[in-house]
Amino acid sequence: MAKTAIAVVEVTKVYGAGSGAVTALDNVSLEIRDNEFFTLLGPSGCGKTTLLRGIAGFEELTDGRILLFGEDIGPLPPNKRPVNTVFQQYALFPHMSVAQNVGFGLRMLGRDRAETEATVQRMLDLVKLGALAGRRPTQLSGGQQQRVALARALATRPRVLLLDEPLSALDLKLRQEMRVELKLLQKETGITFVFVTHDQEEALTMSDRIAVMSDGKVQQVGGAQDIYDRPVNHFVADFIGETNFLDVEIEDIAGDRAHCRSRAGLALEAEAPEGATPGLRVSLSVRPEKIGIGTPRQGGNAVVERLTYLGTDTHYLVRAGEESLLVRVQNAHGRSSHFEVGARVALTFDPDAARILAD
Amino acid sequence: MARRTRGEELRRYPGFRGLTFGCLFFLYAPMVVIAVYSFNAIRSITVWGGFSVSWYLKAFSNPAIQKAAMNSLIVASVAATVATVFATCGALALARGRPLRGQEAAFGLINLPLMVPEIISAVASLLFFVAVGIPLGLGSIILAHIVFCIPFAYLPISARLEGVEAYYEEAARDLYADRWKAFRYVLMPLLMPGVISGFILAFIISLDDFIITNFVAGPGATTLPLAIYGMVRTGFTPEINAISTLMLLISTFFVSLSYLVGRRQKGF
Amino acid sequence: MAQTEIRIKEVIGPQERRDLRIRRALLLPSLLVIGFGLVLPICIVVIYSFLRPGTYGGVIWNFTFSAYIQFLFERDIFDNTLTFQTAYLEIYLRSFLQAVAATVGAFLLGFPAAYFIATRPLATRTMWIFLITVPYWVNLLIRTISMLFIIRDEGPLNYLLIWLGVVETPVRIAYTDFAVGLALVYSYLPFMVLPIYAAIERFDFRLMEAAYDLYAGRWTILREIILPVAKPGIIAGSLLVFIPSLGSFLAPDILGGGKNLMIGNMIALQFQGSRNWPFGSAAAVILMGVVLIALMIFVRQQLRQRVRTN
C-alpha cells in the first residue's frame, strides 16, 4: 500500500474580507501518493496554483490542514518544509552563476563546500547542462533556464517537488521533449511530483493521477483514462477533450445498465448510477469518437449539418431533432464512407459511449 | 537632414525646437561661463590671459576653504549613510507585501521634506534645536540633513525595489533560506543599484544644501556652500569661480553616476 | 457542501503576522526621524508664533497674538493705537507676483521644450530629459551665483553688449525684480518641463493625425487637443515652480540686492538680524498656509482626475 506523501485536509483559502472576499480554495481534500506524478489541472483561477503555494508554504491557509507524510506542515514557514518548487518564471537568481543557483539550497542548509560542488555537478549532468555551470542565467535559453530551475529544486533531495506550470513558456517542440524528460526524471528520482497545468494534453500524457479543479473545488481525481472515460460532471467532461451533452430520460433499468432516450428519440445506454429510477431525467456525456455514423436502412435518426475534413479524421456535425452532435470518424482502412451535407444518417452508440453525469 | 515622415511633419511646431535648445542654453550657459572664467590666468572679465589652474590651487590652499570642504564631506557622508539605511528599511516596509494600515500616510510623511519650502524647514529645525537644547554645530547640521536626505534616498530605492519580482525571495525561502538570509543573499544584491543610487543622491543633496545649513550651523561649523556664500558677499573673485566650478563638476558627475547605476538592468 | 461564512475580518496566519510586525519595525526609524525632525519642529514654529519675542532673540512664554497683529498693523509707541500698514503685505504680494511671473515664464519656456522632447524618438528622449534635469541637481547656490556673475554690471553680459555696441554704459539687470524673476525661472525650470513631458508622452499622437484629417489647423490642435492632454502636467509643474519660488531665499537675496525682499528673506531676517522669532514664525506660518492652499487645490485636481479616468 503506497504511502501518502501529501494529505490535503479540508483546506480553505479566502482572500480579503466581507463582501469583497475571494474564495480561492473551498474545502479541498486530496491525497497524493508517494513516488507519484500527480497533476492539478484546471483553468485559470481554479485554485490549483493557490493549492500548490499552500503546500510550498507561500500561502497560509484560512482553514484546514496539509500533512506531509503524516506531519502537519501548516505552522512551518517555507524554508522549513522539505518541499521545493520549480517556478513558472524559473526565478533563477540573476546575480549568481548557474552553479551557485543550483547549490543555493545546499548552501542554506549548511552543507560543506565539497559536497555541494559534487551535488551541483551531478544535478547539472542529470538535466544535461553539465558544461554550463559557470554561465549566468541571462545567458541561457528558456529551455536551459528551465532545466537549471529543475536542477536547483532537486539538488536538496526534497521529499516532494512542486512544479508550477513550468513548461508554459516553452515552444511546442521543447515542451513535448520536456514532458518526456520530466516523466523520466520523476521515475528515476522516486520523488513525488505535484504538477500544475491548464493544458489537459500535458496532464493526460504525464500524470499517474490527475485532480481536475474548478472554482476552488476539486471536481474529480483519477488516472487519465478514468477522467476521460468516466467524467463525473459537466465541467470535467467538457474540460477534458471534447464531448457532446445530451438531455435524456431513463426509460428502463436492466441490472446495472440504464436505457435512455433523448428528446429526439435517440436510444443510448449507460452505466446506471445508484438510486437511478425510470422516468429520471439526466445529462449524458457522449464522446464524439464513440459515435458510429452509417447509411440508414430506414429514415435514419440524424441529418448531417456540416462536415470538416481533417486528414486523419472527419468531423461531422449532425442534428437529431433539436440537438446537435459532433461525430468524429477516423479516415482509416481505405473506407471512404463519406456523407454529404443534408444526408440522413444512422447514428450508433458504443455501449460505453455515454456516461451519466452527476449534475 | 533626413526627410521628415508625415507623422513627424504633423507633430512639428515651428519654434519649439529652437525654444528647447534655448532652454538648454539658458540652463547651462551660466555654469559654463563660470567654468571658463575659472581657468582664466588673469583676473579679468574682458581679457583672456591663458589657461591656468592657479585659482584652484589658491582656493584650496586656503585653510578656511579646506576646513569647510572637510566639514561638507563629513556631514554629507554621515547624513547620506544614515538616511540611506533608514530609507532602505522604509522602502522594504512599504513596497513589499500587502499594504500596511496607514500606508499612504507613511509614504506622505517620508516625502514631506520635499513638499515643505526649505525656508520653513530651516526655521523649524532651528527652533527645534533651540527648544530642545541641542547645541548648534556640526552635529546639528548632520541631524537636519538626515531629515531631508531620507526622501531623496528613498525614491531610487523604492523604484528599484518595485522592479524586483516577489518570486526571487520566494525561491530563496523555498530553498531553505530564512528571512534574513533571503534578504542578504538574494534581495539585497538585487536592490544594490537602487541603494547606491539613493546614497549618491542623498550625498549630493547634503553637499549642496545652503538654506537649512545656514540656519542650523553654529559658529565655526562652516560648509562649502556657506563659505562660498560668505565670499560672494564681498565681491567676485576667481577663487569663487574655481570652487564653484569644482562643485558643479562634482555634483554633475555624481548625479550622472547615480542615474547610470540606478538604470543598470537586473541582468548584471 | 461547505457553507462559506461571511468573514468580517480577514484571517491572517502567524507567518504573515510576523511579516507585518517586521515591516512596521522597519518603517519606524524613518517615521520617527521625520516626525521629530520636521513635523514636531513645524508645530514648534506654530507655537512660537503665538509667543512674545525675547530681547536678544528667543521667546518669552507669554501667549499673545502680537506677532500676527504686527504683520498688519503698526503700534504707535505713544498712544498704543494700531494703524494699518502695508509693508509686510507688500512683501507677500511681491513674492506672490514673483512666483506667478516665474511660473508663467517657466511655462512659456518649458511647455514647448516638454512637447519637443516628448515627440523625439524613444532613444534620444531619455538623453534630453537627462540634460534638462541635471541642472536642478547642481547646487542651487552656485547656479544663482553664476547668474549674478553674468548679469552684473561688470559681468560678461554687459561686456558683450558694450562690445557689440548695443549700449554704451552697463545695463542694470542685476539687483532688479526682473533679475529675481529670471533667477527663479532658472532655478525651477526643469520642474515645469518634467510633468508636462510625462503628460504629453502618454498622448496617442495618432489622434493628432485624425484631427488633421478633419481640417484642423496646427495651432488649433495645440489649443484644443494638446493643451488639455497636458493640463495635469501643467498644473503639477506650476505647483512645483510656484511653491519653491514663493518661499525662495537665495534668488532675492543674491540677485535682489537687499531691497526687493521676498518672504524668504523677510523670515530669515527675523532670525538673524531683527531677532524677532515670534514674528518670523508667524510669517512662516502664513507662508505655510498659502502653500497648503496651493497643495489642496492640487490634490483636489488629482482626485477629480482619478474619478474621471475611472
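Going by the order they are written in, the chains are A, B and C; count residues from 1 in each one.
FYI, a residue touches a chain if its C-beta (ideal position, glycine included) is under 8 Å from a C-beta of that chain, and two chains touch if they have at least 3 such contacts.
None of these values were measured; they are calculated from a predicted model.
Shared contact partners of chain A and chain C are B. Using mean Cα coordinates as chain centres, the one most removed from chain C is A. The interface with the largest number of contacting C-beta pairs joins chains B-C.
Once CA atoms are averaged chain by chain and compared with the all-protein CA average, the nearest chain turns out to be B. Chain geometry summary: the mean Cα position of chain A and that of chain C are 60 Å apart.
Centre to centre, using the average C-alpha position, chain A and chain B are separated by 55 Å. For the pair chain B and chain C, the distance between mean C-alpha positions equals 18 Å.
Within chain B, contacts with two or more other chains are made by no residue at all. Listed for chain A are residues 57, 77, each touching two or more other chains.
The multi-chain contact residues of chain C, meaning those touching 2 or more other chains, are 16. Within the complex, the chain C residues that touch chain B are 16, 19-20, 22-24, 26-27, 29-31, 33-35, 37-42, 44-45, 48, 58, 109-110, 112-113, 115-117, 119, 128, 130-132, 134-135, 137-143, 145-150, 152, 154-156, 159, 186, 189-190, 193, 205, 208-209, 212, 218, 222, 243-244, 246-250, 254, 263-264, 267-268, 271, 277, 280-281, 284, 287-288, 291, 295. The part of chain A that touches chain B in the complex is made up of residues 56-58, 77-80, 83-85, 87, 89, 91-95, 104-105, 108-109, 136, 138, 152-153, 156. In the complex of the two chains, the chain B residues touching chain C come out as 6-8, 10-13, 15-17, 19-20, 22-24, 26-31, 33-34, 37, 45-46, 85-87, 89-90, 92-94, 96-98, 100, 106, 109-110, 112-113, 115-121, 123-128, 130-131, 143-144, 146-147, 150, 154, 179, 201, 204-205, 207-208, 210-211, 215, 225, 228-229, 232, 236, 240-241, 244, 247-248, 251-252, 255-256, 259. Per the touch definition, chain B reaches chain A in the complex via residues 165, 167-168, 170-178, 181-182, 185-186, 189-190, 266-268. By the touch criterion given at the top, residues 1-2, 4, 6-16 of chain C touch chain A in their complex.
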